[in-house]
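Multiple structures follow.
First subunit A sits with subunit B, and in the next complex the same chain sits with subunit C.
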Partner chain A sequence: MKLDTSGLESAAPLFGVTSELVDGFSSAPSFELPVTTDFDGFQKEAIQMVKPARGTTTLAFIFKEGVMVAADSRASMGGYISSQSVKKIIEINPYMLGTMAGGAADCQFWHRNLGIKCRLHELANKRRISVTGASKLLANILYSYRGMGLSVGTMIAGWDETGPGLYYVDSEGGRLKGTRFSVGSGSPYAYGVLDSGYRYDLSIEEAAELARRAIYHATFRDGASGGVASVYYVGPNGWKKLSGDDVGELHYKYYPVMPSTVEQEMVEVAGA
Partner chain B sequence: MSIFEYNGSALIAMVGKNCFAIASDRRLGVQLQTIATDFQRIYKFHDRLFMGLSGLATDAQTLYQRLVFRHKLYQLREERDMKPETFASLVSALLYEKRFGPYFCQPVIAGLSDENKPFICTMDSIGAKELAKDFVVAGTASESLYGACEAVFKPDMEPEELFETVSQALLSSVDRDCLSGWGGHIYVVTPTEIKERILKGRMD
Partner chain C sequence: MECVFGLVGNGFAIVAADTSAVHSILVHKSNEDKIMILDSHKLIAASGEPGDRVQFTEYIQKNVALYQFRNGIPLTAVAAANFTRGELATALRKNPYFVNILLAGYDKETGPSLYYIDYIATLHKVEKGAFGYGSYFSLSMMDRHFHSGMSVEEAIDLVDKCILEIRSRLVVAPPNFVIKIVDKDGAREYAWRESVKEAVAV
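Let's turn to the complex of A and B:
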């Protein structure tokens, strides 16, 4: 399997590589058919080998002031919690963030690779890469590894010349532009809170509180999400981490324990 | 995930000085989704006999209802409460009756037998009794629970110290398990009183 070295190749096409069969067009990449009889099912085996669980909750949304990005911090292996302090918001460069959902190694490696490609673009073109461009670079790389078992469900959030940008990119090769996304096993719960509280003209504090609450509610209901709810804000001057609250404490802040009235008196049991 | 991990559960029973403590988590879930945070897993059969049931919640509830029926009949016939050892044998027999289509539960039985001696035991889903002198655990977090109990157990603890120990062991173990937790429920039973407490835990 060839590693993806497209970042090292020059942009100019090679001389003399023309195909007699295709007039006027540069030779299109041909489709290699897989050597199998089961076209629909053979990819499943590769994916099951790595068993992506995507136990996490991440969300991001665009509002008037910029982009708000939030995530939990739990890593789980089946039922076991392997860590409560994983950094799921990855800093690609000072004005772009990526979120991690799926395989941790896959997300960390490919986000770092994307950061390298973005820097190379800056050096080659003397200007920052747009969020559109960065997400396209990542999506193309992931598409070329489609079916090999990578598990990446990420959101690329940033601020470029056109303003705030947010894209969802996954290892199936999907890339979607949007204003509100949530990814992971806890995303249905986060969507519920996010969708009901969202307004375009939120202030930064209100948006941060909405993001924090959405993550908190997802950690409450979803077994595979928990730990610390981190909230980042991406504005015209780049990203800034706003808060990292332990969700155990957030629960008692949002739902403080009231001393309840005694329903049953303690009964004295007669000694034997 | 296996059928035993469908609902998620955590149970401990530990022996102290003329007393015992039995504790459980409070989560009821459907795989990763949490449905309730006040689910009762520990049942009182009489003032000196408690049983906790881990595993599939529907089987736990059915098994409890069948055992309550048998115990009440016993009380009517014998005109006295069942001893914990006898009850354990009853549960074991009831579970083995379903040897080839078992209840997907693991019971934890704790009680005070003759001369106020604390009695604890656990069973697998087909009724193999395991009598222990110090502590027994069950549930999805059982491996963490074994480690935590082993680390903090001391023989002959007084009720208050026993309560602290069991709470610590339970909460720290369920914090490493996605499928159990969301609070704790603990009974500390001595010959003269039963203290029931709800534990404040991490709700994630």
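Let's turn to the complex of A and C:
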């Protein structure tokens, strides 16, 4: 559908031009409009389309030794699994991690942007930025874009001078400081396992196993989560990837198949 | 839903707010402090959209501090309340903030005061006020038991009655509350009322 703006333009050219040029621009100037009758609702519909439930499970928690961060690796487009190997834990710098939930492009871009801003802060101030500062930078950027359809539900986890730090930041502009968070469609399932198994004085191996187990249980029940459960640890010397296990294999590790006793066997009938 | 309420007593003003940060059915944390200390003798108890709440109250706090730096004297509570309302009103038709505010303050000349400022920039000076679903329970409780010039003990008793009523009657009742007070000695935290302990990193 073309909006006809010929009524706005004067019929004759303003100054003398050759007739060939005028002939080339014979049709009235116009521009394309979306094919719809409801112009006012169109933009709202477009934003709603981009705003899906965050099909993922990510979690992070602070414990005695530092911060444990874990995530699944499935990307879904409605009912279609578009990838089983998405990196949802983003390395902002050697001592800070960000998790991805929501729009993949939004999370990757803004985390990369945050990494740049953190590096600039380091260069300008001759010291590393704190986790509080980094999360506030990201929260302010996301707040200024609120209502424009960004979909970001992220956790910033890191170790700075004050020790371990964990913040939840989302595209509505919310920013929360806390000790345990889980984000995504599978997060209620993960919270249950995480909350019941959590103690502050876990060892690194126990905390990793808790994180892995929580992700596994979320992927078991939530269709939009799956793939590989990655577990990262952030300590005083920076982050380190601890494991990446396929959740299918984890299932059989936690619930091995018991050979069941056969009650009756079918026997070949002799003769015909 | 977020519950905020407050009242004015004899030489003090008190505000209470719930402390849960909720996202649809999930409670992300239950020790989120929603009462900001605006300056030495003013408190802002805010409820509403999470991003707006923090950003708007921090904006007001920084501007109030700026006024004090520029002019050498702090803003009065009524001036701060009118400034806050003005900012909400200016933004209303362009980029509205969804925050409801109870501003409690103490001035040497005029004593304690409480201002009700809602998200469409309504401003009222009140003796008791409340926002959120909890207001359905706390407002009538306060109407029944409030009288002018209550002592701190009486006021805390009334606040506890309201919290008890909210906890027992509201279907999605928040478990924990924080109470802050402002009087001639300044604005400070008074108490927490917790029924669920949040794990705090030592």
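One rule holds in what follows: the second predicted complex is superposed on the first by the 214 of 272 C-alpha atoms of A that agree within 3 Å, B and C clash if a C-alpha of one lies under 4 Å from a C-alpha of the other, contacts with A are read in each partner's own complex, and residues count from 1 in each chain.
Keep this in mind: a residue touches a chain if its C-beta (ideal position, glycine included) is under 8 Å from a C-beta of that chain, and two chains touch if they have at least 3 such contacts.
This one's a predicted model, so the numbers in the text were calculated from it and none came from an experiment.
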When subunit B and subunit C are modelled together on subunit A, clash or fit: fit
Contacts of A:Y198 with subunit B and subunit C, given as first, second, both or neither: second
When both partners are placed on the shared chain, which of subunit B and subunit C touches more of subunit A: B
Partner chain in contact with A:G79 - subunit B first, subunit C second, else both or neither: first
Contacts of A:I62 with subunit B and subunit C, given as first, second, both or neither: second
Shortest span in Å between Cα atoms of subunit B and of subunit C, once chain A is used as the common reference: 15
Doubly contacted residues of subunit A, that is, touched by subunit B and again by subunit C: none
Partner subunit B, residues of subunit A touching it in the complex: 55, 72, 74, 76, 78-81, 84, 185, 219-227, 247-248, 251-252, 257, 266-269, 271-272
Complex contacts: residues of subunit B adjacent to subunit A: 1, 5, 8, 29, 31-34, 47-48, 112, 115-116, 140, 175-179, 191-196, 200-204
Residues on subunit A engaged by subunit C in the complex (per definition of touch): 62, 139-140, 142-143, 146, 164, 168, 170, 172-176, 178-181, 187-188, 191, 198, 200
Touching residues on subunit C, where the partner in the complex is subunit A: 21, 23, 25-26, 28-29, 32, 49-52, 54-55, 198-202
